[in-house]
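In the two complexes below, subunit A is the common chain; its partner is subunit B in one and subunit C in the other.
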Partner chain A sequence: MFSSANAIQVTLGGLATGSLYAVILFGIILVFQVSRSINFAYGPTGMLGTFASYALYSEFGLPVWFAVLIGIGVTVLIAALTDLLIIRRLPPQQGFDVVVTLGELLFLTALAQLVFGASAQSYLKLLTDVPVLSRNIFVNGNDVLAVVLGVAVAIGGYFVLNSTSLGVSLRAAAADPSVAQSVGINVRGLRTAAWAVSGVFVAVGAMMFAARLSVNAFYMTPIVINVFIAGMIGGLDRYWPPMLSAFGIALYQSWAMYLFGEAGGVPALFILVIVILAAVPKRLLDERHEARA
Partner chain B sequence: MGFGIFIVITALLPFVIGQYYLYVVTQVMIYAIATLGLDVLYGRTGQLSLAHASFFGIGAYVAALSNTFGVPVVLQPVLVLGLAVIVGALVAIPTLRLSGLRLALVTLLFGELFVWLIDHASNLTGGSQGMTVQPLTLGPFDSSEPLDGYALAAIASLLATVMCVQLGKTQYGRRMLAVRDSELASASVGIPIVRTKIAAFILSAILAGAAGWIYAYVVGFVSPTTFDLFGSVNFLVAVILGGSGRVLGAWCGALYIVLVPEVFSSIGYPNLFPIVGGAVMIVVAMTIPRGLVGSLEKLGETLWAVRGRRGRAGG
Partner chain C sequence: MNKHNIAGPTKVRWAEACTIVLWMASVTPSFAAAVCNPDEAAPGVSATEIKLGATMPLTGSAAATGLGAAAGAKAYYTMINKAGGVKGRQINFKVLDDQYSPAVAQQQMRTLVQRDEIFAVAGGEGTPNFLAVVPFLQREKVPAIAPYSPASQLGTMKTPYVFMTSVDYITEFQIMARYVIDTYKPKKISLVGVQGNVGDDAKKGIEQAIGSGGTTLQYIPEVPGTPDFTPIATQLRENNADWTFLILTDTDTGQLLQAMHRIGYSPRTAAWAGMDDKNYIKPFGDVSQGMIVAQETAAINSPDPLVKQFVEQFTKETGRAPGTFEELGWAQAEITVKALQEAKALTRSCLMAALESMSDFQTGIVPPIAFGPDRRQGVNAIGLVEIKGEDTPQVTPFTEVQSQ
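The block that comes next holds the complex of A and B.
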């Protein structure tokens, strides 16, 4: 039944999910803006770090904070190695970053299934068991943390990319690598660093989502599809449009699932994308900046 | 001559190998038809699609649901063809303005929607549990008999191969290659980009749908896990490994995606195939971007040129 409490609940849930989408999307934007590459294996990269942290906590008895830190470290390592061993060695053919990272997606997902098993598991609580509001509207500590992280990453990320010398170097390396190299910017190092840092964001997002869901090797696939769609709608060469799309898509899906049931999420997203493709002017879909992808 | 060899080998195989291996070869032929479809779209026209397993699934579920609804056998190929044309065009039209990541994402979303439909129409499709498919029978023909299934797959794969070889010699085939290499240059010489892309999507969907239809009858079981994102990535692995834009490459790719899992199953490690598949896709894209067949062609050209130079020097 529709009530104002339900409406607030749905909106807050969408906001928390959108915040985590924004955290994950920031890593994608960072990588794209500095290397013009797309990492389709981004989701499984975070998933492996999440599974590693859980294994360290449950099998080896490590403290939660330490297990989480090592899990993030695992994701950072995989992301950096993706650039070092794969992306920078690719032949200069269009779309090959998409192709090889699809291969990596298959590889990492199957590897996780082999190592951690195919059945769904529950993850660390990460504040999901700490109620913040619990009378008519239910909000837990994980929701609050998600929103704080999402807003902090969105604003902080904008500041770093636009108002710091690091951000200027990143944009210079993306705009013209040879000129950036000639003025002393270590373009290759900067790119690998961007890939590595993107691992932090997907690991945090993957762990936060894992605390809310039962997880298996495939749990990050639909999440990252939603995040990529936010990036596609907003344009990965921009900043605020994709970030706001992340929040918008999560709110839209929350409402679609509330109104049409749990199963309404996928067709609602599909309809949204088709409507946007039909309505958005061609110049906004122009991919002249997407060199490889 | 190539087709002659193909026909002779196909005719002799049932006398040489046992029923199980005949069933495996049948699957290679079925996957070759679908891989040829993705090769038309990705290898020749440059359109990266992650909905290919869904096209394959449409054909498979037409076969499965035809049992339920009692659709006559002779009408089923027409149904597969019609659905493939409609769905191929439906996927193609919204993606005409897209390329790269956006194209991959929108086609992926079509694939997700297909799996969602199968899962949520569980009273018809069996949902995620899948459904059994009764054999196709027509007079003495019975698709559950290895030899009959093999004959059906052999004829269909021969037709698909002939069509793809001939396509390369037609104006449409050359237009596809031009669109793949440069849309701007193609438009400047008057090639209808939109029509070419839609035709590629439709042809790709028809080949995958036909393969899926035969697959369902030969295997006797369909479930959505065969037709999800990972199914589409496997088709992409087949095209890239074999060599995109090459008919022989599609066959090599099909051999790989059918035989390698068989090998892993036979040694007791069936779960290793996706890991190896992912690694193969990465390594092939990095080291031999032309694929196996393309690289062998290049090697042959190089050796031929060296031999020619030596011949001239000697003479």
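The block that comes next holds the complex of A and C.
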């Protein structure tokens, strides 16, 4: 029977999911705004770091905190190497980044399957077993942590990008690399740093999702699809619209699944995308100059 | 016979729906008993080898099942080849990755049949991917031996080239639900099943078990790969059923149970045969205690001498211990080799005739197999096990069931 408790439960679940979407999306926005590149290998990058941390604590007996740090480090390294070894060497034409990162996505997924196997593995609990509320509405520590992280990243990211010299440098490098270079900004180094930092966010998001789901070679794929949809709806060269879209589509999809059944979640999301693309004035879409996103 | 299980539910989408419609339109409605013609052309058979093939998910979310089945079959064929092969010919077994996708499976099966010219399809794993290739195999008159695709559309003379050794989901869930209803008398049952024919078959089975009884059934279709199971868990909690039946991929089953557990809803559960596997129990055993699971293949630790022999030989061939899906692949290969050995000549019609004459063939892994001129369901029995700790003791023995 429909009840306010169930309504709150669904809403809180959607909010926690949307918060993690926002954490992951921030890394995508950072990379896009500084280098105008789309990294489709972003999800598997986080998956590999998560899987690495799993293997280190479960197979090699490393302390959990150390395994998690190394897992984040692995993700950061892969993200940085993606820029250093691949993106930097591409010709400037649009579209090459999409093609090569799609190839990297397939490679990393196959690599994970080869190294870690095809089976799902139960990841760290990361507070999922710590009840915060537990009468008719159940909230656990992981949900609270997810929301705190999501809100902190959204607000903190905005502050860094708009109110610090680092943010000014990032935007300058993105707007006109040659001018930025001429005033002393190390554009190439800044871009690689942005790619590396994006790895931290996808690693944290991937680990938090793994705690709620499990970890296997494919678990990040549907998550990152939803995150990219949020980016597309909001526009990757903006900040608050995509970040709020991340929260919004998770809440929307949770309610769609609750009301229409789990199988209704994906169709509902794509209906939303179509409606938004049809309803938003073309002028706004054109202004974004980001059809590729 | 003791326990154990098999493969994965699936992704059923528009492509599959279209496939099923085409499949229904193209299957042969009637078929006379196979007559062995030793003089007909025999694709895939030479003086030195017999080409066999199958498609399975070797990548993607269902890869664990296909990789296991492929490894089991290859180990068996390796053993047979070392012993001289079949009728003096080496078995050349080729497995192509169908990614669990009906569209990919169609392409790959065409490659196997038309380019590689396989003699027969030997085994296979997964329901929608195999269903998608059935019309093609029927048209090309290629025998398919023991694919693990427990769909209700197979196992009858509507698909005479397909010889089934797994019980369909309608029967599986009917038996399981009947046991639960008779033993625990639940007032409400919920079912979460992969959207499409897999979930629909399970629903039909439970409905048949309920019959005119007072138990109510809630059915929630599912699409694999959702990032958040809270809404579906909340729906289940809202219905507050005594029992929840599940026919999802192993990963989705575990993740849904975790989500249910997190919101304080922990009903008794029952699931299809795939959950009786160490690869499921290891990560998700803590939320699956007491789960009733259908049993289609013998337990790896069964005292049955044939199963012990399988474990010993598989370990010898591969250097590692087998799992449930390796066991499945091994049995599929064993059935195929038996049919090849019994065929009067290595032609497809003679292979079909040999399969039709197979009676009470014991693998130790699946129940005794018997086909006939008008029988394509070679196995019609399942047992039930319960997840307890990391073990799965049997709660009901293998029982022969009546065809639906």
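We adopt the following convention: the second predicted complex is superposed on the first by the 286 of 293 C-alpha atoms of A that agree within 3 Å, B and C clash if a C-alpha of one lies under 4 Å from a C-alpha of the other, contacts with A are read in each partner's own complex, and residues count from 1 in each chain.
Going forward, contacts are C-beta pairs under 8 Å (C-beta built on N, C-alpha and C of every residue); 3 or more make two chains touch, one makes a residue touch a chain.
Keep in mind that this is a model prediction, so the values were computed, not measured.
Undergrad: Putting subunit B and subunit C onto subunit A via the overlay, clash or fit?
TA: Aligned on subunit A, subunit B and subunit C clash with each other.
Undergrad: Check whether A:161 is in contact with subunit B, with subunit C, with both or with neither, and answer first, second, both or neither.
TA: A:161 sits against neither subunit B nor subunit C.
Undergrad: Identify the partner contact of A:145: answer first if only subunit B is touched, second if only subunit C is, both if each is, neither if none is.
TA: Neither subunit B nor subunit C is touched by A:145.
Undergrad: With both complexes superposed on chain A, which partner does A:172 reach: first (subunit B), second (subunit C), both or neither?
TA: The answer is neither, since A:172 touches no partner chain.
Undergrad: Touch test for A:10: subunit B only (first), subunit C only (second), both, or neither?
TA: second
Undergrad: Thinking of the overlay built on chain A, is A:110 touched by subunit B (first), by subunit C (second), by both, or by neither?
TA: Both partners, subunit B and subunit C.
Undergrad: Using the superposition on chain A described above, determine whether A:266 touches subunit B (first), subunit C (second), both, or neither.
TA: both
Undergrad: Figure out whether A:187 sits in contact with subunit B (first) or subunit C (second), or with both, or with neither.
TA: neither
Undergrad: If we overlay the two complexes on their shared chain A, which of subunit B and subunit C does A:214 touch? Say first, second, both or neither.
TA: second
Undergrad: Touch check for A:67: first (subunit B), second (subunit C), both, or neither?
TA: A:67 contacts neither subunit B nor subunit C.
Undergrad: Superposing on chain A puts subunit C and subunit B in one frame; which of 56-64, 128-136 or 272-280 is the clashing stretch?
TA: 128-136
Undergrad: Using the superposition described at the top, list the residues of subunit A that contact subunit B and also contact subunit C.
TA: 109-110, 113, 221-222, 263, 266
Undergrad: Using the touch rule from the top, collect the residues of subunit A that touch subunit C in their complex.
TA: Spelled out, the residues of subunit A in touch with subunit C are 1-3, 6, 9-10, 13-14, 17, 109-110, 113, 117-122, 128, 134, 138, 140, 209, 212-214, 216-219, 221-223, 226, 250, 253-255, 257-258, 261-263, 265-266.
Undergrad: Mind listing the subunit B positions that touch subunit A in their complex?
TA: Residues in contact with subunit A: 46, 48, 50, 94-95, 97-102, 104-106, 108-110, 112-113, 116, 120, 229-230, 233-234, 236-237, 240, 271-275, 277-282, 285-286, 289.
Undergrad: For the complex, which residues does subunit A have touching subunit B?
TA: Residues 38, 40, 86, 89-91, 93-96, 98-100, 102-111, 113-114, 221-222, 225, 228-229, 232, 236, 263, 266-267, 269-270, 273-274, 277-278, 282, 285, 287, 290, 292-293 of subunit A touch subunit B in their complex.
Undergrad: Which bits of subunit C are touching subunit A when the two form their complex?
TA: 59-61, 63-64, 67, 192, 195, 220-223, 225-232, 234-235, 237-238, 250-251, 254-255, 258-259, 262-264, 279, 282-284, 286
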